[in-house]
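In what follows, structures are represented as structure tokens.
Consider the two complexes below, in which subunit A is the common component and subunit B and subunit C are the respective partners.
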Partner chain A sequence: MAALTLTPGAAVRRRSPSASAFRFGFAPRTIILVLTGLYFLIPLAASARYALEGSGGSISFSSIDQLFHDGTLWSGLVTSLEIAAGAAVITLLLLVPTSIWINLRMPAFRRTMEGLTLLPLVVPTVVLVLGIFGAFRSFPNLIVGTPVILALEYVVLALPFSYRAIDSGVQALDLHTLVDAGKSLGSGWTQLFWRVLLPNLRTAILSAAFLTVAYSIGEFAVANLLTFNTFPTRLYEVGTEYAGEATAVSVFALVLTWGLLLVMSFVGGRKRRQHAATAALPATTELAGSVSEDLAAEVDELAGAVGLGGAGAASAPAPHDEEQGMTDDPAPDDEEN
Partner chain B sequence: MSELGTVSPPAAIMSLAGGVAGLAAAGRSGVRVELVDCERRYGTVAALDRLSLTMEPGELIALLGPSGCGKTTALRALAGLEQLDAGSVRIDDVEVTNLPTSKRQLGMVFQAYSLFPNMTALDNVAFGLRIRKAASSHRRSRAGELLELVGLSPQADRFPHQLSGGQQQRVALARALAVSPRVLLLDEPLSALDAKVRAQLRDEIRRIQLEVGITTLFVTHDQEEALSIADRVGVMSAGRLQQLGVPAEIYEQPANVFVAEFVGSVNRLPGTAAAGRSVDVLGTRLPLPPGHEILAPGADVDVLLRPEAVRLRPDSAGLGLVTSRSFLGSVMRVNVALGGQLAVVAAVPAIEGAMLGVGTTVAVEPVGAPLFVAERSAAR
Partner chain C sequence: MGLTAPARQVRPSPEEATAPGPPAARGGLRHRLNRLRRLIGIGPFLAYLTLFLIVPSISVVSSAFEDEKGNFTWSNITASLHGVYLTSYKTSLEISAVSALVSAVAGTLVAIALASSTSRTLNRLVTTGSGVFANTGGLPLAFAFIATLGNFGIVTKILSAIGWDPYNHGFTLYSATGLVVVYCYFLVPLMVLVMLPAVQNLRSEWFEAASILGASRRECWHRVGIPLLGPAFFAALMVLFTDAFAAYATAETLTQGTVPLVPIQIGSLIEGNVLSNQQNLGDALGLGMIVVVAIAAVLYATVQRRAARWQH
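Take a look at the complex of A and B:
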């Protein structure tokens, strides 16, 4: 009995509110966040201030005005976006099946693969560029001399980031069990891939795509080396002539990239939130749910007919570990009815 | 001495009786399943060593054994998830050894939670039908029926992470049954659940299996689970089937020492073979088990006795000393030291056990035929 009365008391003392909150909670976290935010925002604010500075310290939008009238800059941006999209698509097509296959069939090769994907960080960029250039030399009109070569370069250079993003997502799944379960239910590999694996790798895929896109949009050295007119190379050229405009473009580029990533993130997370909200709704919304389910089923069948994943796949939420914050734990009284 | 589990024979026998009656009612609509001389090796280790097993239509067989005995490999070989080095698999008298899993028309429930995280419970159950291109309305009505069968209709729109472990396994069972499989394979489906939920779900699985009448292979390392749920239990060790029989037979007439020691608790005591199909143990002459080979009189043997076959009587001149006891409800398990390294466990009615406090001197008397009589092991 003595032990029973002592133990809760000790627990209460350990949970002394202010001390533990200060040691592990709100205050240090806020300080770190503020410092990190300042580290990123101060240069950005300084750049914005410089870009908007007119004569005598007044505010001027002339740099911004020039920016919107520079046609070559916009064509460079379009090229960069196209290359980034291409690099992201190639990355996903290559890495998603590779990572799944390695985790499923060749787990012993995983470490080697991790090492291989780190090579772009240790091998000098020029060597990689020339290597890739040499590898595709026999396709002069299709690859070399077209933006495709740049997309291929970026696939390799972004590999250390994109592979990790996908691989960690794959490892978070109980891949063997999901695949075995799918097979036992009559599913082939294609159906498994589209209906089970891809929807559950949504977050990992989006992360890999974000990283590849962000890397590709901002990369200067390789594009300059291969004499492509991309957004960063054009930015460099502008910068050599008009410092104010170059700074305005830099700020604009940052905001654009963040905005793009925000949109991608929002699109990726929207369906997930919808699902969680629908699941939490009471029975009174059953009618609306069944209507949307009908619609989803129809879209799904249409998508199936054209060989796509379908609404079920497209609207799937990410693995549950990323959704725990949005939903409650199962109610104990639900356990056994 | 083995100290595995607390199953009692009456419970196992009652389960058997209930099971047979239920099967008769269900009319056994399943198919025959055969594993014939199946072999599977990992390097030098034989996971399956010429394993043969025939499952009658509608029968539930539990494969029981310690970790690494090959029971899951046998189930996976039947599912087509494991390639056999030799042997064959037949379902409904058709050879399926080289048929891919997706074409074997099986339902599986796994040890790990295997629901697809991106789908609701209803979508999970309907998945197999969707793969088979069933109409949307049929998928939903069938999935609804199956969820009702496992008592989870209100949770149809929940995602796996919103369900408890027991609920997830019930949805997995509904999903496995939704495609009207020919065989149901259960790979330790209850091992991740807590004891109370496990017992409830175990009964539920049996109820549903009888209701559907599907041939079922249930793999488990939990002997209580196996003995209480199965029509027949197969005890495996080192890739081989040591014994296949109804639960009572496995418990009361083990085929060898391994089965005797693995299933239930057993005392292993030194004895001497005596004339007239009998054996002397702890100063008492007992008959040999029915069908046991005749032993040369005077031979040293090990006599295996169940705790319930050991009677204790307070006796100041007795050879035993009570060292500890555990209350198990209607019975009490009493540990008795017999001097030297020798000890015996007795299961006595709780009322009798209450009088046998620690330190009490007792007389130990074996009753009935021993479980098994084996040659004296070298270790002793």
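Take a look at the complex of A and C:
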């Protein structure tokens, strides 16, 4: 595994730019990267400036402050957080056992499962809303008439990201060994699940939950069309009147999400390198086999980290993974190592 | 299709290898029972996906062919392909095609530039950044661009200070052109992520082989590089196209529905569905979207199979 993941990086290093025609020289690639960089950074800088512009060109945070004194935005945020929490809980309840089951009992189904979890990308969200109106008309109002339906649907819409995060964590575990060891030490399935598997999947679970929460808090289309007052729809309303303030809040939310994603991706990368280094020890599996509490924690260090790798990867679009799936499916992040 | 068939036949064997029970039970009642028991484990997931994704989708397709009383009719489909709705299909297809193409070219250039660099920090920064930017959309994106290129945006101000006000030269952010500019913001990073592996797979040996055979640098690209990247490029183009075609939030928040895209039309039908039969008309438009996406997906899968041939 370590050797495999190292190959692309090594290959890139070996091919010095001048040695290959399929590479750009220093000048063209610098121009391309700088221009692209500007295209991506200028809107960010512009909105930050726009948002923080006080009277007379000074920087002030008063616009943001002012906005949160407005009750509507708060209530929208609270609703969004509730929806996000609900969606994350359902996601975990649904996906963790499913992923473990598939990796343990039906590995041949893995590819099909990946395809299934990508389905939400194929159905445009607007079409999904049409379907919700059409199919759930007879559902109890408690579900369809309240934001509960949003939580239920966000689980589906975030599936391409959340499943990938959990599944890469589960795949990194030596499931069979852990289960066999646990069972031979006399634990039942419940105990095994709570005390061996879940602690090992901590980081994968965290990243899946985070991705679901991030998706739920930022989702606009479904919430707007089903006319629920969530954070983004409230912000949209506010934005029509107080553009600067709304921009401030949206930039703030965006930067916060990105910051967390970046931190997760970098922490994942660092841990993964440790993982790669330690995985070289042939003893690791034997160690993991004798599952005592502290050893399980050690395995967690090794294996759970890959789940975080899934975070960066999962934030990468799934179509990419679909393409990878045609080859031997390395996690997209692995190319960096 | 011919290529998938053998893969399917191979598929059951690893499953059977891990299946408990003696090999003699293979194919027998016991095996089938085991298989069923295994399926039960993913039952909740399948049920959830069916209820909240498949059922709504099927409902859209079926009610596209129904009138308000539930009788079969073609009238929704006909209506959805005429007048404003036909225009909205054209606009949608045009915007998605142009923004996908522009982003695909730009993204490929960035991917090649990135593959040419030996800096691992740069590599990591750009791939992580791409993962993040590719998922930006909707409200924050619209606001960011309004602050940049809107009527009173900073770049607009700077440009008009230089003496070239884009708004005096036919440009406005709240138009089809504006949407293309904004869509590139999440499409280019998507392209970078999809193309980077393909670009990194271009082996220098192939170039060397070609140049030994007398090819110039330009010929190397023309005869080797482009044909090799071609399928991956086209497959990625389909992904970008689908992404742009389905985008609703960004267009709605940026243009407030003034650019008639199919998702925007569906949105306004949903919002104003007090009038009868509009729901079914919306479903017909939705069916149209599904058809377009399905065509793109089939093209993607076809080309992808070609692209995968060179990825080892």
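Just so it is clear, the second predicted complex is superposed on the first by the 189 of 337 C-alpha atoms of A that agree within 3 Å, B and C clash if a C-alpha of one lies under 4 Å from a C-alpha of the other, contacts with A are read in each partner's own complex, and residues count from 1 in each chain.
We adopt the following convention: a contact is a pair of C-beta atoms (placed from the backbone, for glycine too) under 8 Å apart; a residue touches a chain by one contact, two chains touch by 3 or more.
Quick caveat: nothing in here was measured; it's all calculated off a predicted structure.
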Using the superposition described at the top, determine whether subunit B or subunit C touches more residues of subunit A.
-> C
Would you check which partner chain A:Val196 touches, where first means subunit B only, second means subunit C only, and both and neither mean what they say?
-> first
Tell me which partner A:Val127 touches in the superposition: subunit B (first), subunit C (second), both or neither.
-> second
Is there a shared patch on subunit A that both subunit B and subunit C touch, and which residues make it up?
-> 312-313, 316-317, 319-320, 323-324, 327, 335-336
Considering the complex alone, what residue numbers of subunit C touch subunit A?
-> 11-12, 14-15, 18, 38-39, 41-42, 44-46, 48-49, 52-53, 55-60, 63, 106, 109-110, 112-118, 120, 122-124, 126-136, 138-140, 143-148, 153-155, 184-185, 188-190, 193-194, 196-197, 199-200, 202, 204, 207, 211, 217, 220-221, 225, 232, 235-236, 239, 242-243, 245-246, 248-249, 252-253, 263, 266-267, 270-271, 273, 279, 282-283, 286, 289-290, 293-294, 297, 304-305, 307-308, 311-312
Okay, in this complex, where on subunit A does subunit B touch?
-> 173-174, 177-178, 180-188, 191, 195-196, 199-200, 202, 275-276, 278-279, 289, 293-294, 297-298, 301, 312-313, 316-320, 323-324, 327-328, 330, 334-337
Mind pulling up the subunit B residues that touch subunit A in the complex?
-> 79-81, 100-103, 105-108, 110, 112-120, 123, 127-128, 130-132, 136, 140, 151-152, 154-155, 157-164, 166-167, 172, 175-176, 179, 185, 197, 200
Note which residues of subunit A are touching subunit C in the complex, please.
-> 8-9, 11-13, 15-17, 19-25, 28-29, 32-33, 36, 39-40, 42-47, 49-51, 94-95, 97-98, 101-102, 105-109, 113, 116, 119-136, 152-153, 155-156, 159, 218-221, 224-225, 227, 232, 235-236, 239, 243, 246-247, 250-251, 253-254, 258, 261-262, 265-266, 269, 312-313, 315-317, 319-320, 322-324, 326-327, 332-333, 335-336
